[in-house]
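Both of the next two complexes hold chain A, though its partner changes from chain B to chain C.
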Partner chain A sequence: MISKTEITAKNEAFLRRITELSGVSITRCEQCGICSVACPLVSGMDISPAEMMRTVQLGQEEVTSTKTIWVCASCFTCTVRCPRGLDPSKVAEALRQIELRKAIDYMDISTIPAEEMRQLPQIALVSAFRKLTG
Partner chain B sequence: MSEVSDGENERIGVYVCHCGGNISEVVDVEAVADFARDLPGVVLSRTNEHMCSELGQKQVAEDIAEHKLDRVVIAACSPQFHEKTFRTTLSKSGLNPFLLEMANIREQDSWVHHDEPEKATQKAKDLVAAAVAKARFDTPLDRRSIPIGKRVLVIGGGIAGIQASLNLGDAGFKVYLVEKEPSIGGKMAQLSRTFPTEDCSACILSPKMADVPANPNITLFTNSKVESVDGYLGNFSVKVKQKPTFVDPVKCLCCGACEEVCPVTAPDEFEAGLAQRKAIYVPYDFAVPHKYLIDEERCLRLKRGKDVCGLCIKACPHDAIDFNQKPRTQDFTVDTVIVATGYDTFDATKKKTYGYGRFENVVTALQMERMIVNSVQGKPLRKMGKRIAFVQCVGSRDEQVGNEYCSRICCMYATKMSQLLKRSDPSRDVYVFYTDLRAFGKGFEEYYKRAQDSGVKFVRGRPAELFEDPETKKILFKVEDTLSRQVIETEFDLVVLSTGLVPNPGTKPVAEMLKLAKSPDGFLQEAHPKFKPEDTLTEGVFLAGTVQGPKDIPDTVGQANAAALRAVRLMNQESYSMEPLMAFVDADSCDGCGLCVPACPSGAITLEAKKARINEALCKGCGSCTAWCPRDALDLHCYSNLQLAAQIEVALATKKKNQQRILVFADDMTAYRLADNVGTARMSYSADTRIIKIPSGSRVTPKLMLEAFSKGADGIFIGESEKKSSSYPHSLAEIERNVARVKEILTEAGIEPERIRFSQFVTVMLAGFVKQMNSLADFCAWSGSIPASKRKVVLKDLGEKLFARSGKESAQI
Partner chain C sequence: MKIPYYPGCSLKTTGKNLEVSAIAAAKTLGIEMVEIPKWNCCGTVFSLTEDDLMHHVAPVRNLLRVQEMSGNGSVDTPNKMVTLCSMCFNTMKSAAGRVSRNAEDLVKINSFMNLEEDYKGKVQVLHLLEIIRDMGFDKVKEKVSRPLNGLSVAPYYGCMLLRPADIGIDDPEDPTIGKDLFEALGADVVDNPYKKVCCGAFHTVNDKSLVADLGYEILTRAQKAGGEAITTSCPLCAFNLDNRQKEISAAHPEFKQMPVFYFSQLMALAFGLGEEECMFEGNYVDPRPLLKSKNLL
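After this line comes the complex of A and B, so read on.
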């Protein structure tokens, strides 16, 4: 099935918002796909980093509900490889911000057993708080 | 050049044009003519329906004869339209053409102030008065004449240099062609076929190469470098250093006996390092000159001493080997120079993630060219395998390696080689991994289609990294097909890196010698991207081929032909005539301080017997030196100190109480024309502005600006060409320096420094110009008039304020 989509002024506003939040000139992405194949976590993503950039260029807000933006670990390999000097990981961060600002808790710290808590590396907890609590 | 006019006893005729209503419907032209009649030096003042018509011109000619006019002022359209016309009228009437001034009362008055006829008439009067004031100090000038001969230096013997040299040699010009390699031919000699016609590159190039030594007008220096070039158009003295080949070219018959015995091998440059050659070798079979030479860096005897080896001496049946040869230098003089130093291919080892140099099955495009040539000849250089991938944009469009630009040819050479490989063996899988496929040239799109028909697969996506299978040595990589949004994992026998073009390292010393500018991509900058793509800002020096930027063979040849023509255009005149716009020195005032010498970007000023001297052939007439002279000894013809001071004074003289005046200094090349364009578009801006034309913003010295403030200017605006398209790119820094200094002095005097502004323009920034004018006028209106007490202060101890510090600066230099 070919999916149909509409592009309206709303899309432009979303692109502007993400551009502002990320500080990345997203429309400059030429879709070479280098970020997608540089990304060490691409196999766990539902859309590739390059596709994420493309959907933001087109202003499609659905991108905020992809797995991709949460799988991104901000390792910056994409940033190091991008031939146009862009920073896709910052775009992913901006997209996460949109969701995080809704301040919804996806994780309740009290439900983690004390035993498990002791074994978890602190950085993993910090990361989990940042991504999963409002 | 004659003496500067004293501005007295002149007989000036003023003509105010109606322009068929274009001017007279807004400006009261009769009132302007009446006003002009009473100006000092004016003996007659008339109006005319159409000054540019034959009748108008006849009137001027008659008046010159009858009333013995010695200056003419025409108030009409912009000088860009009819200044030439009226200069010719003056010449025909026996008057020096530079005794003409024009007041621009159409584009810069009636067309912009159509809603304020009274103010427009006042402005027209001021503009006419300024033109009359300037005319009083007009000096009869001659166009500069530089003798020019028919000798040309061509640097670089690739296809661009060959094409330019052959054109010039055939046309009867004396050509010195200098090539640093042992053979001419350049990169084109190494290519397999040329896109999109698939001509054999060597077959079409070699006859041209052979024509070079056969042409009696061409002196060829191979294995040579240009050591120095000094001088200017019509008089460049050149020093060329030729390395020894250690083989007598007359005795050597190329029998090859020496090569057989030579024990030293080295990577063969012509085969892009894929084969070996000996230390004594012929560069390739169609090299010109086709003679053996010894590689100084590799030969045992040359490296270790004269008792070592010497096998070639014994082997040579013709006694041609001569280890006593020394480098030779040759000096000669030429009139013009063509720079055709070409390009280099991007060093693929710099793109570390692609593993070139580490992985044996990753090669460059140039290596693939050689592999294809040698396979066709039945002696393949190496195994290619069945699965071959081309990776595009290696070293181009990649900010990771610092190259933002597109190299223009890689899409098409990959299209070419991929289909040559596929057609010669259809069982091969050939892929091209690209981002954008640019098939812009004649026949290119059709050729791309042919590649697709042949079965080459084009995948839109570039790999980030290449990996080598340690066992099979195959190359593995991932790539996103950005069209189907799938990540592909794949394996190839051979990966070809489509390396881009970078500036040739040999260009750098040449550019320094000839004072040529670079564009941001590192290639050399043309004088104008549209109309002077072969010229440089150094008069008499031209660019041909990829030295100016990446291009394919047809474009290179086209530019080489054009560069030859541009050189001929100058050399075919026995003398070259230049506008008299140039600096001059008042020797009585000059005390030989020498501040101006390093200030001149063209090196046109020297000190001789403790006086500054201007080299007329080098001076480009920007006038930036005038700001450096503490004694006003440096001056500029057509825009002299006296003239500018008079124009400023007069433009401010009619200012009444509660009025304000903004002086706008507009550079001839851009800002003045932009102001004209604003008029043509019938836009409008503050009628308090008075525009004064200058060659470059750097001509407005701090002294002139401060004098203007002291005499009643409320604001000053300097409009200058955008740096990258300016004939005077150095001016920007000069203006910044001058304006900063004036701002300091204004601040000390308690005057708002925002009253002086400057901006870079291009001629299409109409709205920007209007905005800038109005913003300055609004600021001045808002700030109120400057009290007379403050105006007096600005000129106090001016010399000390301006030059005490610059003296220190020059001491630092």
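After this line comes the complex of A and C, so read on.
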């Protein structure tokens, strides 16, 4: 029995949206998995970078509720290793932006202890707020 | 050489030891770094989405300041600027690249800024390390009065100095700029297989343990390779690899803490500059006992 995944207009629209936002030709990913091997943070992710690319190819919007998109630190290791010249870092950013533009926060600033706040460099605070708060 | 210098926020606080030592070391090499007037935050991270122009306004405003400096004769390096922080370097160079390649973006940002002078898209963003490399490491060697003999250094590059490939200052897979520099200073350079691995970056704010796990790997691999200290050019890597050794020690009681230097501190030391320029007191793990044991202090 052959099982088929039906691609709906909604799936296509999501793929188109992420392709436009990221500027990455997501459909060109051939699922070789090098990004997942290269990623230094993959052990903290719920789906691998290659799976993230696949779910976007299939237009599965649920990918925006994975932990993976928030764990990605945009270190660009996948970017320099992708044999097809794609940039999964940009895809992760586009997925985060879908959430952040709804003014959704992925971290709660009020939970950072005052002492910790005093010690953290501005570079850490600004980049965390840019990446994780909407 | 008199070149516009963009410090960025952390170089004035937690990364003061990077700024002070780098300005002094550069001066020894004949590079005068002139702070850009009215500079503003670069945004720390480069906005990666295609439709986000808003966040490029901040870096482009800084580029415009550099253009103004080129025009008013306060520097002698037309349309060039230098950074010390790897993240500022990456964000500023990426933004400069985007607006120089995309005329429509440049017009939009210029009309948003609504200043007398438009940014023309010509400024080249450089990191001090590449200026030094282009001068030649033999020039560095000539200035060494206190060779770092016997000090085993494992250069750490992190992400923003190397990646993406069109932004990085060296081979993203096999960088050598740190090795060449510290060898010129007389140090014994060891290769850390984790020299390019991300330190966890901003996750230090929301997930300390993730950063401590990565730091543990990066530091212990350097130690296994024979390194007594590692180096960085980024105030965020420095915080994650130096200050977070407190968390690493809590999670791994057997872990032996090790100094994390800014590249420029080792330059200042080897050039015979004083403690005021080296600013070792700004480091979390005090490097002075190690340096004293090598007769370098």
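In this text, the second predicted complex is superposed on the first by the 117 of 134 C-alpha atoms of A that agree within 3 Å, B and C clash if a C-alpha of one lies under 4 Å from a C-alpha of the other, contacts with A are read in each partner's own complex, and residues count from 1 in each chain.
Here, a residue touches a chain if its C-beta (ideal position, glycine included) is under 8 Å from a C-beta of that chain, and two chains touch if they have at least 3 such contacts.
The structure displayed is predicted, hence computed values, not measured ones.
S.K.: Please work out whether A:E51 is in contact with chain B alone, chain C alone, both, or neither, and reply first, second, both or neither.
M.R.: first
S.K.: Regarding the shared-chain residue A:C32, is it in contact with chain B (first), chain C (second), both, or neither?
M.R.: A:C32: touches chain B, not chain C.
S.K.: Just chain B (first), just chain C (second), both, or neither: which does A:P83 touch?
M.R.: First partner only.
S.K.: Of the two partner chains, chain B (first) and chain C (second), which one does A:V42 touch, if any: first, second, both, or neither?
M.R.: first
S.K.: Any idea whether chain B or chain C touches more of chain A?
M.R.: C
S.K.: Output the chain A positions appearing in both contact lists, the one against chain B and the one against chain C.
M.R.: On chain A, the overlap between the chain B and chain C contacts is residues 80.
S.K.: Hey, which residues of chain C end up touching chain A in the complex?
M.R.: 8-10, 13-15, 41, 43-45, 47-52, 55, 85, 87, 159, 162-165, 172-173, 196-198, 200-207, 210, 214, 235-236, 239, 243
S.K.: For chain B, which residues count as touching chain A in their complex?
M.R.: Touching chain A from chain B are residues 353, 393, 397-400, 435-436, 460-465, 477-482, 485, 487.
S.K.: Quick one: in the complex, what on chain A touches chain B?
M.R.: Checking each residue of chain A against chain B gives 30-38, 42-43, 47-48, 50-51, 80-85.
S.K.: Once bound in the complex, which stretches of chain A touch chain C?
M.R.: Those in contact with chain C are residues 20-23, 40-41, 44, 71, 73-77, 79-80, 87, 89-90, 93-94, 97, 106-107, 112, 119-128, 130-132.
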